[in-house]
Amino acid sequence: MSKELNLWLDDLLKDIKIIQFKRKNSRRVRIDIAPEALPALLELLQGRASYVHLSAITCVDWIEDDEFELVYHVWSYETNSLVSAHTRISRDPGVYLSVYDLYTPAAFFERDIHEMFGLYFEGSPDMEKFILTEWNGPPPMRKDFDSEAFVNQTFSWEEYHPQWLKDIEAEGGGITTRPEDVR
Amino acid sequence: MNELDKIPVRQELSVAEGNVKRSNPLANVFDELVRFCQSRSMFMLHYCTGCGAIELPPAMTSRFDMERLGIQPMVTPRQADILLITGYVSVKTLKRIILTYEQMPSPKYVIGICSCTVNGGMYWQSYATAKVLKEYLPVDIYIAGCMPRPEAVISGLRDLMGDIKSGRADNWKRYFQNYDHYLGNQQKLFGEDWQTPTDIIAEAEHYGLMTDQTLGEHTALLQKHQQPLEALEFSLGEKREKIQGENPREKNNE
Amino acid sequence: MRPENYEAIKQPPSNEFELNFGPNHPGIEGNYAFRVKLNGDEVLSARADAGYLHRGFEKLMEGRLWIQNIALVPRICVPDPVPMEVCYSLAIEELCGLEIPERAMWLRVMQLEMSRLAAHLFAFGGHAATTGMYTPMFWGVADRDLILDRFEELTGGRVYSIYNIPGGVRRDMPDGFLDRLGTLLDYLDSRLPDYDSLFFRNQVFIKRARDVGAMTQEQALKWGVTGPNLRATGLAFDVRRDDPYLVYDKIDFDIVTEPGGDALSRNLVRRAELKQSIRILRQIIKHLPSVKGAVRCPIPNPLAWNVPAGETYTRVESSKGELAYYVVSNGGDKPYRVHVRGPSSMHAVQVLEKLAVGSRLEDVAQIMFSLDACPPEVDR
Amino acid sequence: MTALDYLLLISAITVVIALLAGNMRVGGWLVTILYALQGAALLMMSGLGYSTLTVVQSSLRFNVLSEQMLWRFDALSWFFALITIGAGLFCSWFASGEWGEKYRDNGGSLRLFHGALALNVFTMLVLLASGDLLTLFIGWELVSWASFLIMALAGGKAFNYAMRYISYAFAGAMAVLGGLLLIYAEVGSFDFQSLKEAAPQMQASTLWLLVVLLTAGFGVKMAILPFHLWQAKAYAETPGPGAAFLGAISSRMGLFAFIVVIVQLIGISRLVEMEIPYTFLDAQDLLAWIAVFTIIIPTYIALRQHDARRLLAWHGVGQTGYMLLGLVIANDLGSAGGLMHVFNYASYQAMLFMAVVAVMHRTGTSDLNKLGGLFTRMPLSYLAMLIGIIGLAGLPPMNGFVSKWLIYRSLIVDGSPLLFIAAVIGTLGTILSVYKLIHNIFLGQLRVEHAAVREAPLSMVIPMMLLAAVVFVTGYFPGLVLDWTSAVQASIGLPVLAHHLGGVDMKGGLDMIWIVSVLLVGFGFGTLVFFLGGRSKRVHQLDNYAGGHFLTAETRYHYSDNFYPGLMHLIGPWYRNSFEWLERGVISAVDILSTAMQGLYRNAHPSYLLLVAVVFALSWVIV
Amino acid sequence: MHFYELLVELLLMPILAFVIGLAMVLMMRRIGARIQRRVGPPVLQPIYDIIKLYSKETQISHGLMHEIGIIMAVGGFIAAMTLLPVPGMSGLTDKGGAVTLAYMLMIPSLGMALGVGQCANPNGSIGISRALTAMLAYDIPFILVIFGASYVYGTTNLAEMVAIQQQQDVSSWGIVQMPLLALTALLILPATMGKHPFEIYVAPSEIATGPMVEMSGKFMGGLFVMQCFQLYTAGVIFTTLFLGGGVYWITFLPKIFLVVAIPMSVAYLFPRYRTEDVLRLMWKWPMLLGLIGLAVVMK
């Protein structure tokens, strides 16, 4: 039964022109689709093909292409298979449609992506900050945010070379640190 | 001799004020009794600030049983004596930790558990975690490890007990005495309008712990931003209105 | 918490008041906050507030070598770290097309199930403590500690074992380990009746937990609930069976369901899963000696390992629910993007907010602990 | 001129002065002084209170229909008059200062207020002085109208509640009138003495009718159970100290009339003989149970109120039950308890109302959900309320404990466990709701808009403090009041309680001097133990535990509404407003009946009437 | 002469109560530890805790009422202790009997309630609301028991009750005379001590330990002292009403410790009830038993 459904779905999706379809194995399907068509695809998958479980929405920042890739992982409890729908949207202005009306869990993922990547989802119920409520910097998951530089600029470090160690070193012992390792 | 043995475990920073003997021998005995009781009854705050907290339940429960040593978990900072910082502190948590620490009644002790409290640990790259805990709070004891085992935690607590008994564990006084220093570090991280509801300066004055290090440029900045949170003393007459009139904020509004 | 809020603002005349569950509160799991508005003891609105444990894992992982991240991932979920390692390793293996030896698979499953046992024992204690019963917590944590001893023997670490590496596991188990594990399982088996009569069949507890935080199967599916919480609404779904990984398809175990969907059902599902995990471990003890071979396959120099470009979505069943990693590689020596889908990111946020509204003050903590939400998974 | 004449005369003058000078700045003080003069006149008769004097006649008397109408004071009247004048004195004192000015500025007529208050006192004194049933009835009617006057002063909603009261009062007066006519028909005289002599010979059925009519009639004023609906709202809406006065004494007039007619003239022992058929109850039990339900039901209604004045007014209804219960038990302990409770209750109820009015005066609201944290701003009002609630809840060391103790003890002696438990349920309910009262007003978070609130003015604080002193001193030395109640017991023919200054002489007795002293010493030791610890540092209320969060001023961090949710989950469904339904049903029935009557008058066609007459005639002929 | 003896008694009784109470707290914690399969605190732990709390350098107060509340709580118990007869000392038992005692014991609760109210913390207020509701639950059966005992012994004077029970051997003890009432009292004992499963008002995971939420240092120490008195009171009242009271310390002490140990040993096996379940439970079984017992003793 579930095999048949899978095959039916494969046939169906292969016929649609605007999408790229790729079956990885019996349980994983990758679909690449234009951003305009993605909600329609998800509606189809959810409504007609029983992909009721939104496992995750992932955002990938392809900074060289100046694009965000959004990946919607949906799972079907009936056919036991997972469809990953990939779509790419422009980094600027970074606005996309919410799929909250189809999948309730989308609210969390979209909110998360909003604060981590600065990508805004229209129609999402809650775009308030959640994890980074007390963070004033840029969205940190963007590739152009350099965490290490920020850390070096903001925080100071524990002195790894205290007086007692210097005393030991003066006697000719201690831990040696190569100059290039000193930060 | 191994060189590691030469490394002092404890950093003697200054002469501990708590250790100053009083001239009256009876008072000395009394002080010792009090310190003994303080060391044998430590209430620890129930605040899982980081992942090291996972080793606290084993230390508390049947296998290691902290209550043997008189250590009990307590719910609110008001009842607690020791604040265990169990691991990395994100900036958001650090604000709560400082709030909590200031609400604790002294003598209070801070224990930094896990390597992250020393120098950021494996999150040294992270934009979200504060690295050196002792810049923001006076830490009494570090228990290193990622994460330290329950035995290590208990051993650290026993060291603290020894310190309390001998009067050496008085870092809480340092917070009052060097408030400007700590506040400066906090302001650097949280922005200059940072304030907590606890009026540390007034408390230092109340308990006679003011030094010339207590006040400084940072506390001046604090007082500029702070709406003074005076205790609601009761009043029978018109006193209130005067205070309202002197309210600096209202003046600013005009 | 903006300081300027200390300024006088006229308070609205209102019958509501606010209460903060957490971050410093025994009714909250870990470092997490839950702000509720109440009238009397009825919750009118609830708002989750996370980020106290945020370390930016996903960002950190982008800056480290593939192999370095193995040390980072278990720290995402503290009570149940092993599935994190396994899931991440599986992702790399899939990207590289590595075939890991069968013995490594069995060892991984053994470790996963031990971790599940430990996490469930921990979860009961927390749930019991929210209803004011501390004895199961004391017992459960002490018994969990015995499992941690076995972990230590197997891997060298009590909590964070970092035993899995891409391509297998770090080392084979010591001699006589399976016997000691068997003894431990016998002990745990013998303890279960005590737990039953103390806790699972305690009438007062049942009275407290029944109909608390109840959701129907439709709601659970709609809200993206997974794992034991989904099974407690009567749907027999388990990633281990329905999207099998490692050698779970060779192992015989039942998927336990309960019809109620409330805190009690969730608790009973975990209780039955303890039994199932013990059963799986017994099978492993029986089967493992017959699987010979290496415990890891040859891998390139881990310090200069360029994983082929590609992306993969791997899922495992952790003790909290469906755990998934989406790993993208651009062919470099570091991951281009790792996305962790912690099961609690649903349970601790949306589901908790929805279940808490309309419930009673007494039950808020219980709902959170019965969902077995793990805040670090949310914060990452 | 006897002392009673002076008293009534001064009281009448007070009314006149109040009406003339009420609006003036000194008017209130003048009236207050006149109340003090009334008190002095009363003290001239203080022999009544110590059994050295049995009766003081008034020289005013005249004959109507061969019946001599006369006015006189005995120990009972004196005891009640003491409370009345005391309440009047403190209330008018309270109203004379800033409160009155504010009242006048807000458009109220201070002249009418003082006039109505004085009129109330005067009519009550007239009622208390009644020497026969006819004067009793006249006094009764006067009091009803005077109360209506003060209740209706505020207009609007208050007027509606007052109208409700007056319709109840009319119905009650009709019942009393019926009872009096029945007595006249049976006894042939309105004289007290003749009724007392005739009562033992009366038939049970007549007596039943009499008891039911009179208890119902007097009960309306007391607001005992089926007739309790009017009181709380009407009292709560009365302006300021008027509510304190009414709450303290007004409904006690019903109890007075009840004592005079039922306890004194008919006698409780006669009630015991009147058994209710098919049950094991008699009339005394019936009254006791009515009293007990009057305790429980209004007390638990009070628990649900979120307006401070309503809450207190409902407690007023509930506390009536204790007095009635004590008097119906009618042994030495019980009746002393009931009578003492009249005094105690008046003292702390007036004080509680005053404290609430003081809070209203400063903050403009008595809604328990809009207040909080006023302790630091109004400490003396808080002290008054604290002493008041300890009294109301019946805890040592205040006087409320003594009267309740007497009632409990009488129930133990009487061997009535169910009544005892019911009374305790009432007490516990009182404790719950008074804690809510004091917590929501004075404790908890101080609201931002109340940050600049000041203590009430001295003119309001001093009466409260004096009443607080009364409450504490009569709790410390209950013998002071027990002297008076013993005199009353002797005068109305009940067994007299053996007592001393500190309490009750009996096996398992009570000595409040010891108890309170040890309590005070205990507090002293508690203080010593407290000061063993270091000096305490006061912190701001926002420096508070909030789960590790930062509290801000706009956070509502005060638990006020639905204060006992756990209890309400259990007993909440039992609040069905049955009595409201009943009242509405009766109103509808009366409405239908009156419409029908009206129809008969307006649309009466002679043919219908003829038809009816013919049918009657025929039926008479045939039958 | 007699007056001075009385004064000495009044001074001694609270001190003894406190010391015995400390031992009871230790016993409670040890019993808990044993049930939880661990060692438990050292012998002097309760006294360490109290000394530590009183010796805190920072004493945070939320205002005058916060302080007076604690004074009332401790002082009220100190006063109430003089109404409890112990071997050789009857204190003020003849100045106020069982009913007075029942009401005196509400003074500390009231004091604590007022003190907690001043803290302006809703957690505390909810705790007090729950505590008062629980009081409403258990006080009704408790008063019923007191009524029954007073009726049977013919007095409310606790010392006289002891004397009556001591007239003969065990057969004259209250527990033999009125077993059902004794059972009622035993059922409500955990509730009067505020122990599981009736520990609704401290409930750490719900309201962060309720009334204690803002208590620190000596305030908390006061509550610890109060707990000692509370356990002692529960033990002595039950013993006096039903177990023949105390004539010799050697028999009296085991009795009161036994009475306190019974609810303690079941306390660690239960979660806590919800508030309304406490009410329902208390108003159902103990009331029913008590009423039947009352009917039996009153015939």
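Miscellaneous remarks
Order of writing sets the labels: A, B, C, D and E. Residues in every chain begin at 1.
Keep this in mind: contacts are C-beta pairs under 8 Å (C-beta built on N, C-alpha and C of every residue); 3 or more make two chains touch, one makes a residue touch a chain.
Source: prediction; values computed, not measured.
Any chain bridging subunit C and subunit E, meaning touching each of them, is among B, D; the list is complete. No other two chains have as many C-beta pairs in contact as D-E.
With chains reduced to the mean position of their C-alpha atoms, the one farthest from subunit C is D.
Of all chains, D has its CA centroid at the greatest distance from the CA centroid of subunit B. Put simply, the chain nearest the middle, going by average C-alpha positions, is E. Centre to centre, using the average C-alpha position, subunit A and subunit E are separated by 59 Å. Our note on geometry: subunit C versus subunit D, Cα centroid distance of 64 Å, whole angstroms. Computed from the mean C-alpha positions, the centre of subunit B lies at a distance of 37 Å from the centre of subunit E.
We define each chain's centre as the mean of its Cα atoms; on that basis subunit A and subunit D are separated by 72 Å.
Across the assembly, subunit B contributes 46-47, 61-63, 75-78, 92, 95-96, 100, 103, 125-128, 197, 203, 207, 229, 231-234 as residues in contact with two or more other chains. Counting partner chains per residue, subunit C has residues 1-2, 6-7, 17, 19, 23-26, 41, 51, 54, 56, 59-60, 63, 138-139, 142, 379 touching two or more of them.
Counting partners per residue, subunit D has 373, 375-376, 379, 446, 451, 535, 537-539, 541-550, 557-559, 563, 565-566 as the residues that reach two or more other chains. Screening every pair of chains for touch gives A-B, A-C, B-C, B-D, B-E, C-D, C-E, D-E.
Put simply, subunit E touches subunit B in their complex at residues 29, 33, 36-42, 44-45, 47-49, 51-53, 55-60, 63-64, 204, 208-209, 212-217, 220.
Contact residues of subunit D toward subunit C in the complex are 367, 369-370, 447-449, 451, 542, 546-550, 552-563, 565-566, 568.
Residues 33-34, 37-38, 40-41, 46, 61-63, 65, 67-68, 70, 75-76, 78-79, 81, 103, 105-107, 203, 207, 231-234 of subunit B touch subunit E in their complex. By the touch criterion stated above, subunit C contacts subunit D in their complex at residues 1-2, 5-25, 28, 33, 35, 39-42. For subunit B in complex with subunit C, the touching residues are 45-51, 53-55, 57-58, 60-63, 73, 75-77, 88, 90, 92-93, 95-96, 100, 122-123, 125-129, 146-147, 149, 193-195, 197, 225-227, 229, 249.
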